[in-house]
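All chains are identified by letter, namely A, B and C, in their written order; residue positions are counted from 1 within each chain.
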Amino acid sequence: MKLTNKDLIKLYGDMWLVRLFEARVQDLFASGVLPGFIHLGLGQEACMVGTCFNLEDGDIIGATHREHGVLLMRGVSANAIMAELYGKVTGTCKGKGGSMHTCGLKEGALGNNAILGPGQAIINGFAYAHKFRNNKKVAVTMFGDGASNRGEFHEGLNFASVWNLPTIYIINNNGYAISVPVSKQQKIQDLSARAAGYGIPGVSIDGNDVLTVLETTAEAVKRAREGGGPSLIEFKTYRWRGHFEGDPTPYRTNSELEDWMENRDPIKNFGKDLLEREVLTEKEMKEIIAEQQAIVDAAQKFAEESEWPPESEIYTDVYYNDEGGAQ
Amino acid sequence: MREITVAEAIREALSEEMDRDKNVFVFGEDVGKFGGCFGVTMGLYDRYPDRVIDTMIAETGLMGICLGSAYAGMKPVAELMFSDFATVCFDYFANQASKNRYMTGMQEGGQAAGLVVRAPNGAGFRAAGQHSQCMEQYFMPIPGIKIAIPSTPADTKGLLKYAIRGNDPVIFLEHKLLYSIKGPVPEGDYVIPFGSADIKREGTDVTVIATQMMVHKSLAAAEKLAKDGISVEVVDPRSLKPLDMKTIMASVKKTKRVVLVNEAPKTGNAMTEIGLRIAEQGFDFLEAPPIRVCAPDTPIPFSPVLEDKWIRSEADIIAGIKKALS
Amino acid sequence: MLGIIANPSSGKDIRRLVAQGTVFDNMEKVNIIQRILSVLNYAGVKEICYMQDSYQIVDRAVTYLERNFKINLRIKELEIKYRYEQNDSLLAASSLLQMGASCIVTLGGDGTNRVVAKGCGDTPLIPLSTGTNNVFPVMLEGSVAGFAAAVADIDKKHEYLKLKQKKRLNIYKNGVLVDIALIDAVITEERFIGSRALWEPETIKEIFVTVAKPDSIGMSAIAGSIYPISEDEQKGLYVWLGNNGNVETNAAIAPGLIQNIKIEGYSEIGLEQKVNIKTKTGIVALDGEREITFGKNDKVVIGLSNDGPKVVDVGGTLVAAAKEGYFKGRWR
């Protein structure tokens, strides 16, 4: 894969943006500022950043409540995402969706589907439209090991394979569906083995190595654009926090978490490689981190200073023309 | 005016809309060469072979395609083989399509959810409990969805064209027994907007609000009662969401008595909502409580002898009208 | 006791995404193991120890066996710290060596055998090919492999067990032996290990092979297309690529992928000879996978030696065993 230094530096900075954004969300939630539920993607940055690197304008990606990072990678402003988490009118969804439904439709980020399953079927509709329009765009759906047990996974893959749609199914296997470990969820070890049942290629890789993620998704995207049909990719990864903020994680051991945080941190390991390859110096790394931090700080300030939605917003956007809304 | 069947009216609507807009496409189980289980899409495949698509038996996968392509700006018209199957993919109505504009704050690029799901409704085919239901009541509580429930070929064609051109998710319920019913249908292009009820028969003594097959039975009942000097007004809502309460209330204000007739079981029936609104808004001038004529709270039995008794008859409607007048 | 190390057709190999579909090749591996186990059971082998894998190849084979035969064979999963990665094969091989296994049957490509070779010591190997892109393993029907393994299990003194000593490449980084390869070591200008697969042929600068076989695919085929060297010859080949030479060749570098390759020069490597690589920074790929990074301050040297793994000569062994009457008599 021909990656320039510029590409590598961008990947590094992007992973830091996701990490710092999520870390700030964690703090804000802990201090009681953010209402509702938050599901953090800390630890899974490489999965999001590596995948989105290969997407262009017109492609679409739908992910879950854990992937605020995907929205950031598609170019949705950190300000708008943060404001949506606060519930302010300047949020991506005017405060009417929250973390569970935030998205950036014109940037090609379908965002969350808080019901785990429909996203895997709905994405095929986008893929179908791409195919119908013959525009060489792709449609990606990213979800977890738990969601891969929904009926839609199977119906969706079947549709995508029979109709030869440019869909890419990505499983972020972080070992647990809330508290249930993968060993209690599936009989197989590598979830990509399910691809064989639909006659499409499937592959399981290290989701915490951003270049492996990038290379693998690049191949799948290329295949889909060229009319080669769907693929199934499994990223082996781990989430640093509980399923939701407030989850005490009694189902995992501290040593397991420490091993992943110490030895398999996607950003730390990539940073080491970059230093060794002399792509970045320590000083330059600090500058990059500071830049991303500034974006996050600005997002928080923007959200804090934004207005709440007016009461009239309860009644709007029910129907397309707001006809016969709430009677 | 020329007369065509409901099935022909649907076929015309689909064909005209597919000519008019290249983004309209039809899919469902066996809709292609087979022409659909009730023969409604017969011939469409020959005209648009790349836009009439057969799917697997996978309603959730199918609805996913429907929603995703609608969000991406296409105009899918899906066919569920029986309206009973809507519960298999109910999430797509209840949690997905209906809410997408609201939860995304009507974002640019995704506010369209212009999808239509057509489905045959209703009993009388001896198809037993899981293939004979009227399903409109399940959709009544969902904000953001539209429900079409036509009873004539002309209403069917106009509402379907309106639904396809719109940008909201529509559950378009057709009655199995009505497919072969003939009725006058204007030539040329016309649409019927949702939220416009139709007075099928004018009268002064009692208002009967009815849907689908019950409209025809109510009209027959009204004809009989006319000989006894009772003047019955029959109002057909044509769409349950949005609902034309204005026409309904005007009628009730005139007659001061109302009978609500719907083929589904009584509890939670679509008529329950209408009845309560009439009671709320008409309390001052109603001279009798609203009367409901609905099926018993049981599944639909198979045996023809039982099914025929389960489905409310003309006699049941007449009894209901007399009760309202007593 | 003998060992089995079977790796599933990975799930890990992203070249699958480039192909137009998948094949149930893991089920074929289960079939092969089934046949081997049937023969071992029949031949009275007492115990086998196997490496668990993410497709549970051996477990599936055992399930079939238990349904259809009376099993006298003790079948035990090796107790190692499984990560379902490449390294499991190394831990499994070392474990089997320590436990004194009479031989190890492997199912996997050049990559699997390379890792096994790092841990198996003198334990004889029966490396079975599963049909793709493999130079080291051999194509052999499962039952035949089963017999060879059964013979290895009883012939402790190697009276009729015939072994072939394989060559290997040794990779030294800054004076220290860091890794080995069984077939090829390739120097590429790639900078990161990433998905491991060798993607861009243009980045390949230098090739070292233990065997140069025109009847193979990959690096050995490139070398073999200009200067064949067989398994029995006590030498290897070093080829360096570039536009400044006067040799052009054509070879299949991957299944179905034939390329024109411009060669600047090549020379034989003798046993114990060490060669300094020419490329300043890049990655050393071993038996098809990117493994070792090196920078401008690193010195990388590649050598050839005769201490690769010992591989069972199945044909020679079974002929000798037959002549000794091994197959005769009543076994059941």
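Here is the rule we use: a residue touches a chain if its C-beta (ideal position, glycine included) is under 8 Å from a C-beta of that chain, and two chains touch if they have at least 3 such contacts.
Values in this document were obtained by computation on a predicted structure and should not be read as measured data.
Participant: Suppose chain centres are the mean of their C-alpha atoms. Which chain sits farthest from chain C?
Facilitator: Comparing chain centres, B lies farthest from chain C.
Participant: Could you name the chain whose Cα mean is nearest to the mean of all protein Cα atoms here?
Facilitator: A
Participant: Please tell me the distance, in whole Å, between the geometric centres of chain A and chain B computed from their C-alpha atoms.
Facilitator: For chain A versus chain B, the centre distance works out to 40 Å.
Participant: Just the number, please: Cα centre separation of chain B and chain C in whole Å.
Facilitator: 67
Participant: Quick one: which bits of chain C touch chain A in the complex? Just the residue numbers, please.
Facilitator: Result: residues 8, 10-14, 16-22, 24, 26, 54-56, 84, 191-197, 199-200, 293, 295 of chain C touch chain A.
Participant: Quick one: in the complex, what on chain A touches chain B?
Facilitator: Where chain A meets chain B, its residues are 60, 91-97, 101, 103-106, 110-111, 113, 115, 117-118, 120-130, 132, 139, 151-152, 155-156, 158-159, 162, 316-321, 323-327.
Participant: State the interface residues of chain B toward chain A in the complex, per the touch definition above.
Facilitator: For this pair, the touching residues of chain B are 25, 55-56, 58, 60-74, 76, 91-92, 95-96, 101-114, 143-144, 146, 166-168, 194-195, 241-243, 245.
Participant: Where on chain A does chain C make contact in their complex?
Facilitator: 1-3, 188-190, 192-193, 195-196, 199-205, 209, 211-212, 214-216, 219-220, 223, 228, 231, 233-234, 273, 276-278
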